[in-house]
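One structure follows; several queries about it will come next.
As written, the chain order gives the labels A, B, C and D, with residue 1 at the start of each chain.
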Amino acid sequence: MGKGRVEAFTDGVVAIIITIMVLELKVPHGEDLSALVPLWPVFLCYVLSFINVGIYWNNLHNMFHTVQRVDGGVLWANLNLLFWLSLMPVTTAFMGENHFAPVPVAVYGADLALSAVAFNILTITLHRLHGSDSAFARALGGDRKGKISLAFYLAAIPLTFISQWIGVAIYVLVATVWLVPDTRFARVIEK
Amino acid sequence: MGKGRVEAFTDGVVAIIITIMVLELKVPHGEDLSALVPLWPVFLCYVLSFINVGIYWNNLHNMFHTVQRVDGGVLWANLNLLFWLSLMPVTTAFMGENHFAPVPVAVYGADLALSAVAFNILTITLHRLHGSDSAFARALGGDRKGKISLAFYLAAIPLTFISQWIGVAIYVLVATVWLVPDTRFARVIEK
Amino acid sequence: MGKGRVEAFTDGVVAIIITIMVLELKVPHGEDLSALVPLWPVFLCYVLSFINVGIYWNNLHNMFHTVQRVDGGVLWANLNLLFWLSLMPVTTAFMGENHFAPVPVAVYGADLALSAVAFNILTITLHRLHGSDSAFARALGGDRKGKISLAFYLAAIPLTFISQWIGVAIYVLVATVWLVPDTRFARVIEK
Amino acid sequence: MGKGRVEAFTDGVVAIIITIMVLELKVPHGEDLSALVPLWPVFLCYVLSFINVGIYWNNLHNMFHTVQRVDGGVLWANLNLLFWLSLMPVTTAFMGENHFAPVPVAVYGADLALSAVAFNILTITLHRLHGSDSAFARALGGDRKGKISLAFYLAAIPLTFISQWIGVAIYVLVATVWLVPDTRFARVIEK
């Protein structure tokens, strides 16, 4: 079974998720600059989620580059990831509209953690299909970065109830880590 | 006429359907966990519909894999299926927002049944185009699973008025059946 | 310049237009069958527009099949067509929510007429690029069907103010004509 | 790393942006022609933004035509551009619903300016990857048109507070300039 259509479908769903998030940025009422002020928390959440979904697309892009074939298990592991990512517009708006209140920040973290678990399941499914000495397995390695990210998300959820800013800081930190050395990861694959 | 663009268009429409369903998950008002409670029925319906649309995408993916060519009749049979699937976001929300009341549950079942009929018409159209000894016809077989699913959906609609939970149970059951041995079906095609 | 990306972009936009129209089908309030009654005009308009956009996708699909190359003029002629099609969700909802009142029916007809004009401009642009003895020009022929459709749409707009049902009947008639012998047109191209 | 999926993802996101803008064109209340009157500023903004996003798609299409490969930096430079374009539906509606009041017109200009900066960063990233004597670098040239457009947008923002019509006139002017000789640019690439 070719990987082409899975890539195309995944690109489609991720493109829609990353774009419909903007529909939660309600058009401000009023024509002064002050009308934009209440939008800041929603806007910041949008930026964070845009980057997070962008990171997933990047990782899926790089990962599928080394994938040879897919089966039904991979299709469903992929759909499972897309499910948790599809909740991102709602959890983002929940966090933004409540101005980073603890529960919404924890819910957002839970969505990030469940997406990370789903990504991990997807890599396991692909690993089983390709074997340990495949290009895929070599490129993935121990996926230490993925596992550490998941640990950070899981830690962020309870810490949010001490101060939500710890949670937000962890989300920003993890996103920054993925953003920065991503180029290096891509080059490893290229070799 | 190449099948490539039909696949691409179908992937696009299904990707949009599966993703805009999340727009019916309204952002909860309030910043406590209790704000999430009224969302549960809508969320469960979303999960069920995400899986159902995912099953259709999977089946379309597998089916078009063995398709050699398409004609105008196939394009319209495919658009007919996409039409009934496009109603899934509305019927899902109707069922969820009314907390599984009998009429909305029956309407949801009617949408599932009409989608199953449309899928059946699509397979007949493709069968006629490819002939009985094509790879497509062999892979499809008698499509017993498709026909039994349709029978279950049709039975669920009146049973809903005895208890809506019978209807919901049938929808969950059929989805589970498609979900589980899907891998086997994919392997049959691969041979 | 390859036609591949223009096809992909067009498929994407048309897939989104045909799917977001369903967002105008507001989830009915109430859990009885009577809650569905006020939805009928909106639903019928949705069916009509789904078919109309489906016809355009079909025609674009068939037409681009014989196209060899595109240039900047074609890109903009194509975007012009997509613009008028993109208004279809709004004009459809305007007609449905006002229960086929004369002005909304006329506005819907104007959108259909302007889409037909835009399609005509697109064929002219492609004709100029490929020359009169190209496969494209032969497949297009005199495009009598396209021109007659436009004439019917233009006639429907004033007739709507005598009775809106004349307008609606004309839209249904033209859609039916395109729907039925479409297979024949596809076969002409196949030769 | 192949450019195919980046193109596909970009096409998907741009297709969604250009199409969901229409969701801000709220269905008019009332069934008379007068119901359409208050929609005019929103409609004109929609036309302007449709053309602006269309210009970006055109330019991305032409640019990626000469691109040989992409890396992580290009992916993020591209996502950065898509981010600013994704705000276009909100800034467009903000300008339209406030009937071209100065602040919304300036905000719209800021979005255009930031998109132009992002496009510029993308060309720099691609230039660095391909080198100065690549087909890409030759096709891009000094990108004088892109830089002048940015200068105009930056000038429009303060001028809006003298009269918003200066701002709007500048946006229309820049869009017209890109629209008209676009064919010429495409032909330069074709050689």
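Going forward, a residue touches a chain if its C-beta (ideal position, glycine included) is under 8 Å from a C-beta of that chain, and two chains touch if they have at least 3 such contacts.
All values reported here derive from a predicted model rather than from experimental measurement.
Looking at subunit B and subunit C, not one chain touches each of them. Placing every chain at the mean of its C-alpha atoms, the farthest one from subunit D is found to be B.
After Cα superposition, the angle needed to carry subunit A onto subunit B is 90 degrees, rounded to a multiple of 5.
Comparing the residue numbers each copy contributes, subunit A and subunit D share less than half of them at their mutual interface. If each chain is reduced to the centroid of its CA atoms, subunit A and subunit D end up 26 Å from each other. Centroids of subunit A and subunit C (each the mean of its C-alpha atoms) stand 37 Å apart. Residue numbers of subunit B whose C-beta contacts span two or more other chains: 8, 12, 16, 20, 23. If each chain is drawn as a node and touching chains are joined, the picture is one closed loop, every chain linked to exactly two others.
On subunit B, the positions that touch subunit C within their shared complex are 1-2, 5-6, 8-9, 12-13, 16-17, 20, 23-24, 71-73, 75-76, 79, 82-83, 86-87, 89-90, 93-94, 97-98, 101-104, 107. Within the complex formed with subunit C, the residues of subunit D that make contact are 7-8, 11-12, 14-16, 18-20, 22-23, 25, 27-28, 30-33, 35-36, 47, 50, 54, 57-58, 61-62, 65, 179, 182-187, 189-190.
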